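Got some structures for you, see below.
Shared between the two complexes below is chain A, which pairs with chain B and chain C, respectively.
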Partner chain A sequence: MSGLLAILGKDLRIELRAWRSLAPMALFSATVFVIFRFALDRERLEGGIAAGVLVTTLLFASLLAINRIFISEREEGGFDLIRLSPCDPSMMFLAKTAALTIYLILLELIAVPLFALFFLDSAEALPALAPVLVLAALGLAAVGALISTIATMSSARDLLAPLLLLPLSIPLVIAAAGAASPVLEAGGPGFERYGTWLAVLGLYDVIFCAIGFAVFDYLLDE
Partner chain B sequence: MKARLTSAPTLVTAAAVVITAGFGMVFFYAPLDADQGFIQKIFYLHVPLAIWALLGFIIAGIYGIKYLRTNDPAHDARSYVLIHQSVIFATTVLITGSIWAKAAWGKWWIWDEPTLVSFLIIFLLYATYYPLRYSIEDRERQARYASVFAIVAGAFVPLNFMAVRLAESLIHPRTFATAEGGLPGSMALTFLVCFIGLGLMFFALIKFELEAKRTAAELSRLERQLAPDYEAPYRRTAAPTDLGASVSMEADRPDRGSL
Partner chain C sequence: MSLPAQSDTAGGSPAPALILDGLRRDFGDRPGLPPVDATVAAGETLAVLGPNGSGKSTLLRILAGLLRPSHGAARVLDAEIPKETWKIRGRVGYLGHEPLLYRDLSARENLAFAARLHGLDDAEAKIERLLGDAALEAVAERRVIELSAGLTQRVAACRAVLHDPDLLVLDEPEANLDDESRERLEKIFSRSGRTRVIASHDRDRLRSISDQTLELG
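Presenting the complex of A and B:
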């Protein structure tokens, strides 16, 4: 547990000092919103299209952080240090998942209000989006931490992470967009099958956190 | 070598016999579908291929777990070959599904058939297995990471099916959604024969690929023994070259260096 907190604290401290992940993610999201405005040629979004734009933007922005989450470990020998330390390597998976979840939630705190400002008429849908986006962030973080380890250790780093992550994220996108679509409907938030989608997101989170925790040892093992 | 029940030639013969019988039954025994007519017969090919591909993916995940537990390269080779053959089967599933969609609904691709859409997603995921293996030089690490992938993807298969099915708002009738219970007896029997036949073919292909890999490993070992100075042209491959205990791999493997 102390290992987890130490790694998480280290990552957050680096992030606070250099803003290497959050600042690019926020900038990326804002730009992608502008791109969608012109690509779709719509000034206001609602329903399925609004949910799609939001979820897609957050997913692609998350790739930036996922690609970088192990960069300091690779460049400064953090993987060797964790093997030398008495700390359980699985703690590293949990710490990285926690760090990514925090980055993604912080990103959502910036990008979702911006999205509402750009494309929505009112902010009344935002509270209902919160549980969906938090569960999606956790799932994406767990898969991202796992995939990023594999990608970091391979010779095709930047290529492999999106290639592996995007197909794995499809159920997450289905559920998040499925829940967000009625919530963002123009006539005020709807909650059609909201609970079902939250359950799917929760199941996804549990499965990939458990798998990641179970197999992470083997990814670091030399 | 004694001919065993599970040897490749036995499996091939059995597959050929059962598939011939099955296709014979498809055309001469099973009745025409009242609703879809002749095109429904692609069901006897499409569905067994899909089921075997899915089973192959899941068994590959189980061999992934076995590899991580035992470190026996033979398990990694099995996992690889299962995924390889399942990806080939999945390709044929997408092609036959597309043909069926064209004949039944007039379009080459439809998004409201959850099984087909799930298959596309799974196919896209497993297609990344090759670049993953290819981009890891170290053989042992390659096997470990490939096993982790097989486990993650194996768990992803049922989850993905569930999510895609839930996303399907339209409930439209499917011949096989009700399983054998919805089929008349003669159709169910024909389906079963085709299912077993294609399953035998699946395992025969797996057996052949494993044998081929084993032979290639043995051949390069002999090459090295006979002509230690001969440097075979280096070919980088995503496939496992180390097949474990069945092939004795001495420590005399020359270090080819890394690319």
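Presenting the complex of A and C:
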């Protein structure tokens, strides 16, 4: 646990100094909302379209952080450092998942109010969106950390991460959009199958956290 | 192939810290390390000599548990490599061509991070003492990216010995260093009783501090 907290603390400290992940993600999200606003030529979105725009924007923005999450470990020797220490290497996977989850939740705190400003009549739906977005952030972080580990070991990491991540994130996108869609309906939030989709998101999170934790040590072994 | 455990070694002489038997590493079709045989007693220093590309760094990474050998057997600190690599985690200090330091963290933060990974007690006192030994107090709060190559190497040396390892694996540790820095690092690296494997191009200096030499290439 000490190793997990050490790696997480180190990553957050470096991010606070350099803003290499959060700032590009926030900027990207804002830009995509502007593009959707003009491309759809609509001032208000609702239901499935609103959920789709929000979830896919967050997914693509997350790629920026996911691509970067292991770069310092690869280029500055973090993988060697952990293998020289008695710390369980899987702690690095958990720390990276936690760091990505924090980045994505912070992104959501910036991007969702912007989304409401661009596309919603009121902020009434936002509280019900919170559990959906937190579970989606954890799922994206877990699958992102797993895929980023595989991609980092390859010379084609910039290509490999999105190619592997996007298909694997389809169940998460379906569940998150499924839960968010009734919440964003016109005339106030609805909760049809809301709980079911939240359970699917939770299951997705558990599965990818468990897979990543189990295989991370093997992925590090050259 | 299996090598005898340390406890099986008979006689009054110190038990070997390293036993290498036909240890070899290939990278695809290209040989990275020719077959190597050596036995190093605990507390001894092994000098690894050879031209560029002879496999010095490959051998050192295998001994540190960072690379798997392709053939042969190795016993490091009584652990069979690579099957029991987990046993030597935390017992080897490694200084390679890369300093293994985060550029956006200060020298002190890097050492504190390494100390937490190793679960060290009294880390602050150890870090303070090492920073003093390496004459790094004045630059301890500077980010590594702001340090010269020589200062970075000194921080990396502190990182390598911070957890007081039983085996120190040093790959050209004196590269980028002036004479004063060399003397300081030699003092840091030379704790009695510690086994050392050192690779370098500086034959005369290495021969003067080693108990045996291994010539590659």
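Here is the rule we use: the second predicted complex is superposed on the first by the 221 of 222 C-alpha atoms of A that agree within 3 Å, B and C clash if a C-alpha of one lies under 4 Å from a C-alpha of the other, contacts with A are read in each partner's own complex, and residues count from 1 in each chain.
Criterion: contacts are C-beta pairs under 8 Å (C-beta built on N, C-alpha and C of every residue); 3 or more make two chains touch, one makes a residue touch a chain.
This one's a predicted model, so the numbers in the text were calculated from it and none came from an experiment.
When the shared chain is aligned, chain C comes close enough to touch A:R13, but chain B does not.
Residue contacts after overlaying the shared chain place A:I211 against chain B, while chain C stays out of touching range. Once the two complexes are laid over each other on the shared chain, residue contacts for A:P182 go to neither chain B nor chain C.
In the superposition on chain A, contact of A:I174 is made with chain B only, not with chain C. Contacts of A:L164 after superposition on the shared chain: chain B is touched, whereas chain C is not. Between chain B and chain C, B touches the greater number of residues of chain A.
Of the two partner chains placed by the overlay, only chain C lies in contact with A:G77; chain B stays clear of it. Of the two partner chains placed by the overlay, neither chain B nor chain C lies in contact with A:G139. Once the two complexes are overlaid on chain A, the chain A residues touched by chain B in the first and by chain C in the second are 221. Touching chain A in their complex are the following residues of chain B: 68, 121, 124-125, 128, 131-132, 134-137, 141, 144-145, 147-149, 151-153, 155-156, 159-160, 162-164, 166-167.
Residues 2-3, 5-7, 10, 13-14, 17-18, 72, 76-78, 80-87, 221-222 of chain A are the ones touching chain C in the complex. Only residues 64-68, 89-90, 92-94, 96, 98-105, 109, 113-114, 116-119, 163 of chain C touch chain A when the two sit together in their complex.
Across the complex, chain A meets chain B through its residues 146, 150, 153-156, 159-160, 163-164, 167-168, 170-171, 174-175, 178, 193, 196-197, 200, 203-204, 207-208, 211, 215, 218-219, 221.
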